[in-house]
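Both of the next two complexes hold chain A, though its partner changes from chain B to chain C.
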Partner chain A sequence: MNVTISQQDAVTVVAISGSVDSLSADKLTESFVGELNAGRVKLVADFAAVSYTSSAGLRSVLAAVKESRRSGGDLRIAAVQPDVLRVLSLSGFTSIIKMYDGVAAAVSSYGQA
Partner chain B sequence: MNASPRDPAAPAVSLVIGSGSVKCAAAIGVVKALTEEGIAVERFVGCSAGAIFAAVLALGYGAQESMDATRRLWTSDITAKRNTMGMLRALAPRLFGFKVESFGLRDDRPKDQMLNAFFGDRRIEDAGTPLHITATDFANGELVDLDRGSIADAIRASVALPFAFAPVRLGGKLLVDGYLADPLPVSVAIKHGGRVIIAVGFESPYQERIGSAGRFAFQLSAIMSNNLLKSRFSFHSVAHHSEVIAIIPEFRQRIRLFDTEKLPYIVEEGEACMRAQIPYLRELLAADRAAVAS
Partner chain C sequence: MSTARSSIALGGPATLDRLPLLLNAVAEVCEAAGADATLRHDLRLAVEEACMNVMRHAYRSGAPGELALEVTREPWQGRPAIRVTLRDRGLPFDPLAVAAPQPAEDAEHLPLGGLGVHLMRQVTDAQAYHYDVATGNHLTLVKFLTRQHGEEK
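Right after this comes the complex of A and B.
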């Protein structure tokens, strides 16, 4: 799994590629924690290149969602592929996380009421 | 038929097979892929129709034998006969007397005879691999983990679909279909120390057309069981300390309740889903063993 971080105005885009699983979740968590500790709490996770997520990956995402919201921000997810969406849906994540078709829509959502 | 003893040093996973009628046969393909990759199953958990496949696989049946077993055990004969008295008791309880223990609109006997003929007097604790069959306590809705006793009786309880089949009295409890407590009982594997858990689950299909009270009831049941599946699976995913790998085959062909002619396709889909996860699973099991050893 690879993580690339970029900034779009006040929003931090965390682009993830590969499998978000037990072997890679710590790396993803570190990436999220690094941004949150730096005060960048408006996050967009770009899932366009995420091929798989497991329970360990879900726990990493959930921890970031909770921490960002606690700090007044949010973690929103963009461009989820169908196989990953099924896992997110089965595990109830689609009911608590805002999801968007693409990164642009997710980033601009922070500017909306 | 019994499974040969498992090499305790070999990599292993717990396998949970959720409710899902004949679609549960995908678990045959999952086990086929695991076996061919030298990965053992250390514990089987099965719910509702998944209990049938968990039992057959825990007894050591191979892929072809398991498909043959499915063709014997999962036929429309099991729901073919009406329970006329059950219907009369439902329509006129004061006249005919309503009895919880015998209330079902289908005659249980063909199903029970089929299960008894296939499993005979084999017991859960005789399976080569630890086996758990789940049912629901009718008195309080709690999940009941059946890990000993008659396999046929445990499956009867696990598949006791409300309204269709009568509840089953077992071990002093009145039991109904396991899906009512949890359609994908990952909790049983977690409770018994499972680390890497493969969860084979299915959402109940929604009705395309609703033209009868029966279809109406099926739709309500699907809504409730799918929401329960999601809420339980989400809790287990975040609560488990290690890994739950979800295997959710997406069938492009419509699979109806008794579509056993589609067994090869269903098994292939399950095998393909599992094979896609094998590289990750190998790495994960190696890391898990290293973590335990350190």
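Right after this comes the complex of A and C.
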């Protein structure tokens, strides 16, 4: 798994690629924590290149969702692939996390009310 | 010509560093069986969750105990299937008896306990568990290689 972080105006895009599993989830958590600790609380997780996530990845995402919301921000997910979307849905995440077809829509969603 | 095997058995300690080896065995048998991408995905997920359960919870602190895995292409209830059996000698634990997480309306109340076991059950077609005093916990996970009419993935 690789994580690439970029800034689009006030929104931080965390682009993830590969598999988020029990071996790699800590690295993703560290990336989220690094951004949140720096005060960047409007996050978009770009899932376009994520082929797999287990419950370890889901825990990492949920922790970032909770912490960002407590700080007045959010973590929104973009471009989820079908198998990963099924896992998010089975886990109840699709009803509590805002999801978008692409990164641009997720980023611009922060500019709306 | 593919050299993937249709049956693999692995023994060893229940340690996180062995997870890739165990998941590779599952992938190899899936490849030999011609399983599609979704089946490979689902079986990988189910086996990762099952392995992590053993690695994290089966043994008390100290030296890790055993986690043996067998993956094989073998009919289940008369249908072509891939079957994975995990065996450990840790504390008796039936993951199939764990209650499914309750739906939540917000992130603060989304339960994470039991999520891995829930996913393991949801993405496999059949599961079986038994405990034997001599040999420990036996968990079997099955994924059918063919779909029947009206059946979801």
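Structural remarks
One rule holds for everything that comes next: the second predicted complex is superposed on the first by the 113 of 113 C-alpha atoms of A that agree within 3 Å, B and C clash if a C-alpha of one lies under 4 Å from a C-alpha of the other, contacts with A are read in each partner's own complex, and residues count from 1 in each chain.
As a working rule, a contact is a pair of C-beta atoms (placed from the backbone, for glycine too) under 8 Å apart; a residue touches a chain by one contact, two chains touch by 3 or more.
Source: prediction; values computed, not measured.
Because the two structures share chain A, they can be overlaid on it, and in that overlay chain B clashes with chain C. In the superposition on chain A, contact is made by A:Val87 with both chain B and chain C. In the superposition on chain A, A:Tyr52 contacts both chain B and chain C.
When the shared chain is aligned, chain B and chain C each come close enough to touch A:Ser22. After superposition on the shared chain, chain A has more residues touched by C, the comparison being chain B against chain C. With both structures placed on the common chain, the touch criterion links A:Val65 to chain C but leaves chain B unconnected. Of the two partner chains placed by superposition, only chain C is touched by A:Ile97; chain B is not. Chain C runs into chain B after superposition on chain A, and of the options 99-107, 117-125, 189-197 or 207-215 the stretch responsible is 189-197.
Common to the chain B and chain C interfaces on chain A are residues 21-23, 52, 54-56, 58-59, 62, 86-87, 90-93. Chain C contributes residues 16, 19-20, 37-38, 41-42, 44-45, 48-49, 52, 101, 103-108, 110, 112, 115-116, 118-119, 122-123, 153 to its touches with chain A in the complex. On the side of chain B, the complex with chain A involves touching residues 201, 203, 229-231, 233-234, 236-238, 240, 242-246, 248, 250, 277, 280, 283-284, 287.
Those residues of chain A that touch chain C in the shared complex are 21-23, 51-52, 54-56, 58-59, 62, 65-66, 69, 83, 86-87, 90-93, 95-97.
By the touch rule above, chain A contacts chain B in their complex via residues 19, 21-23, 52, 54-56, 58-59, 62, 86-87, 89-93.
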